[in-house]
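Structures are listed in the sections that come next.
The two complexes that follow have chain A in common; it is paired with chain B in the first and with chain C in the second.
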Partner chain A sequence: MTNHKMTARDVSVYYGQKRAIDNVSIDVDMDNVTAFIGPSGCGKSTFLRTLNRMNDTVASARVEGKIELDGHDIYSPDMDVVQLRARVGMVFQKPNPFPKSIYENVAYGPRIHGLAGAKSDLDQIVEKSLRRAGLWDEVKDRLTDSGTALSGGQQQRLCIARAIAVDPEVILMDEPCSALDPIATAKIEELIHELRGRYAIVIVTHNMQQAARVSQRTAFFHLGTLVEYGDTSAIFTNPREERTKDYITGRYG
Partner chain B sequence: MNTHTVKVFDDEIGRLRGLISQMGGLAEDAIANAMKALQRNDVALAREVRAADKQIDAIEAEVERLAVQIIALRAPMAIDLREVVAALKIAGVVERIGDYAKNIAKRVPMIESEHRIDPISILPAMGRMASEMVHDVLDAFAARDFEAAMLVVESDAALDDFYDSIFRTLVTYMVENPKTISQVAHLLFVAKNLERIGDHATNVAEMVYFAATGTQMADRDRGGIQE
Partner chain C sequence: MNSVTPFIGTPDATASAKPATARVPTDWTTKAMQSRIRRRYAAERRFRLAGLAAVWLSAGFLAFLLSSMLWQGASGFVETRVALPIDFAAAALPIEPARLTSRGADLALASAGLEGAVDSAATRAFGKDGEGLLSDGAWVTVRDALKADPGLLSRKTVIAVPVASPVDMAAKGDGPPEAEAVVARLKARGVLTRGLSMTFLTTADSTDATRVGIWGAFKGSLLTMIVTLLLAFPIGVLSALYLEEYAPKNRWTDLIEVSINNLAAVPSIIFGLLGLAVFLGTFGMPRSAPLVGGLTLALMTMPVIVIAGRNAIKAVPPSIRDAALGIGASPVQVVFHHVLPLALPGILTGTIIGMARALGETAPLLMIGMRAFIAAPPSGLRDPATVLPVQIFLWSDQVSRGFIEKTSAAIIVLLVFLLAMNGVAIYLRNKFETRW
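Let's turn to the complex of A and B:
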């Protein structure tokens, strides 16, 4: 059974006059990790950011087409953007914890969204989120330390815990490992594997090996268009499109 | 096909393909020389075939080393990955083909030179047919030509027919004149070896097809191993 969490239809994105995304249609499944790959400037990050309306913060950006979350148009006027971003969380390239304690980094979201009444509820959410992010055992004895005092890999897992804390349905990751060493990267990849199924996960990565390792579906973007979208194993062993072949075998440009 | 951004990657793939061609050439020579030795009862030539087999083994080892190095260092994808894996498997098969030729050569001194029977004169034709399959299938690999690979698969049926016919002829010899039994037994193995070489060439054709297209050859086109 197909289980489309998000569907995009004929989506184009403009920055001023420049069209950055041209007529992209794609489905994101609940059960799969979806990877977006493509050379710099191909539009994969731009497209990722349309999925929780992060482009709203760019004054010149304009989005055409339709993007639905569980069948609801996320660009319709009655969509609460704050609520949307709680349901569709995001993890960025550089770990960006708040300059607050580890505990507060995770507790902040649930508190402003009113997800926790009592302190004990909040404690529970913080622990559960840190556990799911695979960070609990490393930080449980120093929850009051600043989040920025953690290592890069730990900071990124803290950011994932922060995203998880508001109980999202979709997690968008924009190059979550590009600033991390191989061991921290492996931990994030293992985490993505564990989170699969619980959340729909979309990851943008320049590292094709990573896309091959963590995802079940891969979309290849080039010059603002979606060139090919299919099962990761097929994309990396036998892609249909010439441009995909050239890109993944290192013959591009 | 476009070149890789990292040029040395192209060099390595080119070298890998070169080694397979070289191995294939040696295997063809081995078949031809073994059959020539058999036909002329040339024990010295037979010995050369056995010595030359060491070269085939050495190239196989080099293919393995290079393929593993490419996989480890270049993380090949798509057609590159399929080609490297195909090269690795083809090297193993060509090595076996060399062993079959060596086995034919080993039998040359064991066949008595007196009273040689007729089929010895038609076996070289079968040898040429098997050798051609090896030649054609490695050409197909070099050219990434899946259609040429399919032709090799088709030609295996003719080799099988040739084998069946020689088999029947040889059995007739044994029935008619038991003195020929030990000689014919060797010739049966020679024919069987050639038939097996054809089967292996057919398997290589399937690997070439997969490397070139990314899909398995359809079942009806597959020769496979005949027991």
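Let's turn to the complex of A and C:
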């Protein structure tokens, strides 16, 4: 296979002496939504954060192994981490819009990366991103209102709009719906469906039905190891590993 | 996809089992229960009353301080004047009227014997002790009148000039008995008036209570505070940002943190000694200068700003940093676009506290020579100057009664300065405050 967007080979992550991720190898494709599932503390979020080097902010964290984006090692010295995070965007568990206007929230990324020359270009990027995030119709008349004044689901879609405004290739979502109600969750899931194909999407979730609904590939993590990785339908209907089966039937986790 | 159904576990069997003995409901009406509830309410009432009393007590002290200052100090801004008839034509001052509009007018009038002419006019008008009725600065008022209207030089006129300190005191109802008699006499002739003392608002220190001014000390304080703010604010904020956002957490940064906290608690006079040794001793800077005063106070203010700044930066939610990093902001962009704006209100609060303390500080400035008698307002950072609290300290030490009201008036000026400074800072803080 050659069209993997990101490949991870034998990746281990340490926090100080403690090993949080043990020898994980995984591929992320452009046309698929990949879900990471597993019980709390299994390392799925840690692994997600190594994919755009957000773990660099944790002083004690250390990454071994190789992670490539389009064949380039993202931990090599010639990889610019600022650029990497523009290409591999991230949406967090708790909606975290900047305490600025809705417009400024979306415009901030393109502005710092110099993606828009004129004001009209920037306006266009903001509108396009908000439309893609399915938020435009709800906020188009109040772009100057504070982003924090929106509802939780709207805030999360604003964060998604903010992430896609810098035109990333991969979007990492770290339990994006865990703070939202079912209706807002449904909207985000619908949005993930629509974004699929345009971006490679990796989503960490606690909710197995959600993984089943939105993803084509699923990886099951347990105690820092990757137990099973395969097509979502196969994982949920016919898991190879006993542990996977126990987890998705609710026997532990 | 449906062959395995997630999330259907068997209900826990023990949860629905009945306990072995029947449960006795708690009796909330027993005597012990009732009295406990009463005691809890009483404790709450006592606590609320104590808090209220504390608030009223401190408000009362503040009101007492402010009203007594205003009561004593307001008269310091007012001077008593006496209408002095003066015949310039008869005095025949040896000076050309044209010179009065030129630059050297002050010197020319002084050397032409204006002071003597004013004294003899006073003797003529009020008797042989008339000269003593006038303030030492009376002739300055006459000089300014002449400069404003050179035509007076050939005429006879009446000018209201400030009276001497004992007479001024007596006119305000608190003078020596002989001055009281003089005031009664002058009042009968109807020549006494009162007015806002421009002398007090525009000049510097003097040995005569009627000639002292607050402007010199005010300007000294202003210059000193500017130096302090320009140094302490950026250095303090940058230190706080570096320590919070960049510095690794290890033994060295712990040591620095402890040192900064200790520095904030060091008695201010120690900073004065440091300033004396380093700025005056080692670097040979001019003594009594606002520059050195500002440097010394900046040393004292900086730790306060660093501590407040670090707390404010710590309070910025990490999710905002993640959000900015996650779309590819560099660490500097994260700090200056997000962290600093959100922390600024807190930093400004710390700055207000630090600057207010610096403004009221006397001890360290005594050490670097700012307690000298300075009779002219400073015109630059390197000129000798004094500051408001030191000026208050110096005047409160004076024997002459006239200085009492001047001391209180200076305190009012200091408090107004403080309120204005805090007002600006609070305005800025509210402006930068972000609604979440």
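Details
Just so we're on the same page, the second predicted complex is superposed on the first by the 250 of 253 C-alpha atoms of A that agree within 3 Å, B and C clash if a C-alpha of one lies under 4 Å from a C-alpha of the other, contacts with A are read in each partner's own complex, and residues count from 1 in each chain.
Assume a residue touches a chain if its C-beta (ideal position, glycine included) is under 8 Å from a C-beta of that chain, and two chains touch if they have at least 3 such contacts.
Every value quoted in this text rests on a predicted model; they were computed, and no experiment measured them.
In the superposition on chain A, the chain among chain B and chain C reaching more residues of chain A is C. Contacts of A:Thr237 after superposition: both chain B and chain C are touched.
Touch criterion not met for A:Ser76: it reaches neither chain B nor chain C.
Judged by the touch definition given at the top, the superposed model places A:Asp246 against chain B, while chain C stays out of reach. Contacts of A:Gly109 after superposition: chain C is touched, whereas chain B is not reached. In the superposition on chain A, A:Ser40 makes contact with neither chain B nor chain C.
In the superposed model, A:Pro99 makes contact with chain C only, not with chain B. Comparing the two interfaces of chain A, the one with chain B and the one with chain C have residues 208-209, 212, 236-239, 245, 248-251 in common.
Considering their complex, residues 1-6, 9, 75-82, 214-215 of chain B touch chain A. Contacts from chain A toward chain C in the complex involve residues 52, 54, 57, 59, 82-86, 89-92, 94, 96-99, 108-109, 112-113, 146, 148, 159, 162-163, 165-166, 208-209, 212, 233, 236-239, 245, 248-251. The touching residues of chain C, when paired with chain A in their complex, are 1-9, 248-249, 317, 319-330, 333, 337-338, 342, 434-436. Every residue of chain A that touches chain B in the complex is listed here, in rising order: 208-209, 212, 236-239, 245-246, 248-253.
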